[in-house]
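Here subunit A shows up in two complexes: once beside subunit B, once beside subunit C.
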Partner chain A sequence: MRDSAARAPWLFAAPLLLVMAAGFVWPLLQALINSFHPNTPQGIDAGQWTLGNYARLFDSFYGGVLVRTLRISIMVTAISALLAYPVALFLARLPPRAQSLVILAYVSPWLVNTVVKALGWTLLLRTNGVVNTVLRGLDVIASPLKLMLNEAGVVIALIPGHFIFVLLPLWAAVSGLDPALTWAAGTLGARPSAIFWRVVLPLTLPAFVAGLVINFIMNMTAFAIPMFLGGQRNLVASMLAYQVNLISLDWPLGGALAVMLLALTLILVWAGQRAASFLTAGRGLRP
Partner chain B sequence: MIRAINFAMLIVVLAPVVVVIWMSLTPTSMFVLPLTQFSLRWYREALSYPGFVDAFVLSAELAFLAAAITLVLCFLAVYGIVRYRPRGAAALRGFFTAPILVSAVVFGIAMLQFVNRIGIYNQFVGLLLAHVVLVVPFAIRSLEATVRAVPEELEWASMILGRSRLSTLLRVTLPLCARGLVTGFLFCFLLSFSEVTTTIFMTGPSLQTLPVRIYTYMSDRIDPTVAAVSALVVLVSIVVLVLLNLLGGLRRLTSQ
Partner chain C sequence: MSLEIVDLVKVFGAVRAVDGVSLSVAGGEFFTLLGPSGCGKTTLLRLIAGIYQASNGSVRLNGRDLTAAPMHTRNLAMVFQSFALFPHLSVFDNVAFGLRTRRVPREEIRQRVKEALALVKLDALSERFPAQLSGGQQQRVALARALVVRPDLLLFDEPLSNLDARLRDEMRFEIRDLQRRIGITTVLVTHDIEEAFVMSDRMAVMQAGKIMQIGRADEIYRSPASRFVANFVGPINELALTRVETIDGRRRGIAAGELTVWLPQAGAGAGRGSASLVLRPEALRVAAGDVGTENRFPAEIVDVVYLGGSSECRVKVGNLRLSAVMPSSAAARFRPGEPVSVGWDANDGVMLDAG
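Up next, the complex of A and B:
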């Protein structure tokens, strides 16, 4: 009886474990293994082992693409960080029904596929697009602005696309705050700005940091938006991965790129969690 | 000031979707502003383009099967974790939600190399496997709340009255989880239906889902037909979202 009770949960989990092993662990291991083999005109040379694919990622071309990807991602995350608190605090003060409606509005673009959003932003930002037409109609500008096929276009389109990942955890943290805390700070004479900096911010910082990490990762690996809004002249890591894997069919190099992106993600998540627990522990506070 | 920031942000978030729908209703073949007349001709155009129709059917089949398979697998696994609380419960949960940490691009590359290695490139089963893995984390999270909400006493009562564990699971637990299963299904369907990046990386030329077909079409040209088919995709998302909201599933999903 004891024995079967110990085995039962694993029997229930076994089908999913099998599927995950075949469809998740194996593919990632396959890419990892491929990344250590040299690529030859005849295909992957499985008999040889090399670190050459990783070394290539840091040459001037690939390194340049990586720097651009980082630059765009940091811009998007920084602007999202500035916008997050005003929006979350405003949201948390709305009546509950309005709150869920606005949250729904913020969530809904996430559930629409990114190709459609890329199409929308192209229609908005191109030379004869909606934004330029409206601005010219209002005589704000004389000649159309170049709003896409550059890094600015990618940043503009990525901010609203990934804002939800910062907003949702922060909104949950802000609306979970005990109202008595801010009230108490107020009665003790703290001005609204002091209440924000010394009460609200420290208590919600872990959720904020967690959201920023997710936002940054999503920016680093966005594909359709940089493809259409940035164009081939502004290659980012994901577009490079597409070229390497599907056009030059250099899977060892493509595998190395995937492993590096994954490693970067995991390091960031780990650092984010460490930062969050440091921020809570350091102040003797629990969120 | 804060009100203005919020208002502007909401407009920017919704603008791309609104503009796609708006442009799909243009009567001419160019997007001319301001739009004063509306027409549904591009919808007729989109629906008579076999590439889009085939892709829609494939996407719907894929999303339906991926959601159904994921739900069955995850319900069993969550039931095992929640009811038996095995020693490795935290590790299991971590493993099942791990695909969230792997970005769509990385997973797409891995899947591409994997399906080629085992010889199922350009086959439906490979695509299905990928979509199942992609939605598993969301199903696990949503079903965990569902199963936890079922009072264990009801299952004990059923088993004391002579039903086996399996029969109790099917006749007592499953019906009580019906609502959570339906919302979980809808959410997984929506995620799979709108998945782009992983699918673009791993799919073959004869297996293009609707978002991938729109992507290849857009790489070639941007015209009102592609706006119309995109608007139809948005419509599917809105219908599923409204259903989710009616069932109260959205509140739970956003609160996690």
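Up next, the complex of A and C:
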């Protein structure tokens, strides 16, 4: 009995694990192996080993794409981080029905296909788009703002879509806080700002960081929005990976790119979590 | 530090949760707000604490008007039902919280936290986190955290209802003793009559946002001002009264339509509409022979229920059923169906308007 009880969770997880192994782990390993072989006009030369693919990633073109991808992703995550607490705290104070309506509004972009969504953004942000037309109509600006085919356009369009990943966990954490904790702090003499910094923030920080991590990963791997709003002159890593793997058919370089993207993402996620645990070190947040 | 509340009102939507409450608590007094759930007692406490803003009326602490003051400026402390300890802070940091917000120097914080923890006998656990403490220990930390800031007023919101029965009994006396030793003005909210009786100097019984009666435990128990209060603070026998008349300066009436009874001297209902006679179970005497009380009637034992130290005797007088409580040793000799006599002295009854 005990043996089968111990095996049961694995049995339940087995179908998913098999799918993940076949569809994700195996191709990733293949990409990792490919990345160390040279590419030749005849195909991958599996007899030779090289670091040349990785070296190419540090030239000004490929390196520039990776730096741009990081810059856009960090920008979107940083702005989402600034917006997160004000929105989550506001939301948690609304009546329950209003809360579900607002959450529905935030989730609704995900009901739309990403390509359609990206095209929608171009209607809003292009030179003769809705935003420029309205601003010029109101005489706020004289000449149209350049809101797309640049990095700003990608950032503008990514923030609303990916904000939900920061908002949802934080909203759950904030509304799960016992209100008596804030009352206890208040009666003990803490001003509203002190209640936030000394009680609300430390207790919801794990949820906040988890949301930022997911948000950052989504930014690093975004495809449709950078393609339509950044364009070919503002390539990001996902678009580059597409071109290298499926257009140039240079799988070794594509493998190196994938491994590099994964490594960069993991390093930044790890650094973010370290920073968060440093902020709350020794404060009982971890068992 | 005396607390003065005048005509306090709190409206939530269409509900008047606190509906014109006035009361005053003397310096050093232990005052309890007692009532069933939903009677507005917790709302009243939160108005005093500044968690809610009053819709009308005023709260004064030692002459200082607090009605509109933000809670962090009120210099009071509150112990919550859930204890509300900060889970991310150690016991020491929890207790130090109110001192740090007051910018007390570091060395003084260390000293005062140590003293406060010693006061609640927790000095050994200052490095622990709340999740590592038992319920009773968490309660003590909450108490230390409240006392360490030397508040003008100490508020308790059902502080013992999350503890198990044995510990609750212990903490009642411990909190009361501590409060008397320090001499801090205290307001406690509870629905537990025993808790209110054990701990408080005076109490207010509340119903539907209003205060029904204010007084010491014995006043409220022995001279309830209304049927609600009489019923709420303990079991009663209630007999409808008719034809109340005065004979040679003594009042007499017909109880429950069949018994001619002598009535207490004081009390409501004289000469006005309908009244009822309220008798506490322990005011009733039951005896095999003559009970020797002013009012006495032949009766029959229906049932004897053993409750430990005391027993409840249920008797039948004609069609009327009465419940009497007596020491178990006295109740042991009665058997169901046995003819007895039951009675009470006129002044042990309470006459109330039957509203």
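Just so we're on the same page, the second predicted complex is superposed on the first by the 247 of 287 C-alpha atoms of A that agree within 3 Å, B and C clash if a C-alpha of one lies under 4 Å from a C-alpha of the other, contacts with A are read in each partner's own complex, and residues count from 1 in each chain.
Methods note: a residue touches a chain if its C-beta (ideal position, glycine included) is under 8 Å from a C-beta of that chain, and two chains touch if they have at least 3 such contacts.
Just so it is clear, the model here is predicted, and its values are computed rather than measured.
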In the superposed arrangement, does A:Val199 touch subunit B (first), subunit C (second), both or neither? second
In the overlay, answer first, second, both or neither for which of subunit B and subunit C A:Arg191 touches. second
Have a look at where A:Phe208 lands relative to subunit B and subunit C in the superposition and call it first, second, both or neither. neither
When the two structures are overlaid on chain A, which partner does A:Phe36 contact: first (subunit B), second (subunit C), both, or neither? neither
Looking at A:Met20, would you say it contacts subunit B, subunit C, both, or neither? Reply first, second, both or neither. first
Give one of first, second, both or neither to describe whether A:Phe90 is in contact with subunit B, with subunit C, with both, or with none. first
Quick one: is A:Asp178 in contact with subunit B, with subunit C, with both, or with neither? Answer first, second, both or neither. second
Of the two partners subunit B and subunit C, more of subunit A gets touched by chain B
In their shared complex, at which residues does subunit B touch subunit A? 2-3, 5-6, 9-10, 12-20, 23, 31, 33, 72-74, 76-77, 79-81, 83-86, 89, 92, 95-96, 98-99, 101-107, 109-114, 116-117, 129-130, 132-133, 136, 165, 190-191, 193-197, 200-201, 211, 214-215, 218, 222, 226-227, 230, 233-234, 237-238, 240-241, 245, 250-251, 254-255
What residues on subunit A touch subunit C, complex-wise? 178, 180-181, 183-191, 194, 198-199, 202-203, 280, 283-285
For subunit A, which residues are in contact with subunit B within the complex? 5-6, 8-13, 15-17, 19-20, 22-24, 26-28, 30-31, 34, 83, 86-87, 89-91, 100, 102-109, 111-124, 128, 130, 133-134, 137, 157, 159-160, 163, 168, 172, 217-218, 220-221, 223-224, 228, 237-238, 241-242, 245-246, 251, 254-255, 257-258, 261-262, 265-266, 269
If we count contacts the way the header does, which residues on subunit C are in touch with subunit A in the complex? 46, 49-51, 70-78, 80-82, 84-90, 97-98, 101-102, 129-131, 145, 149, 155
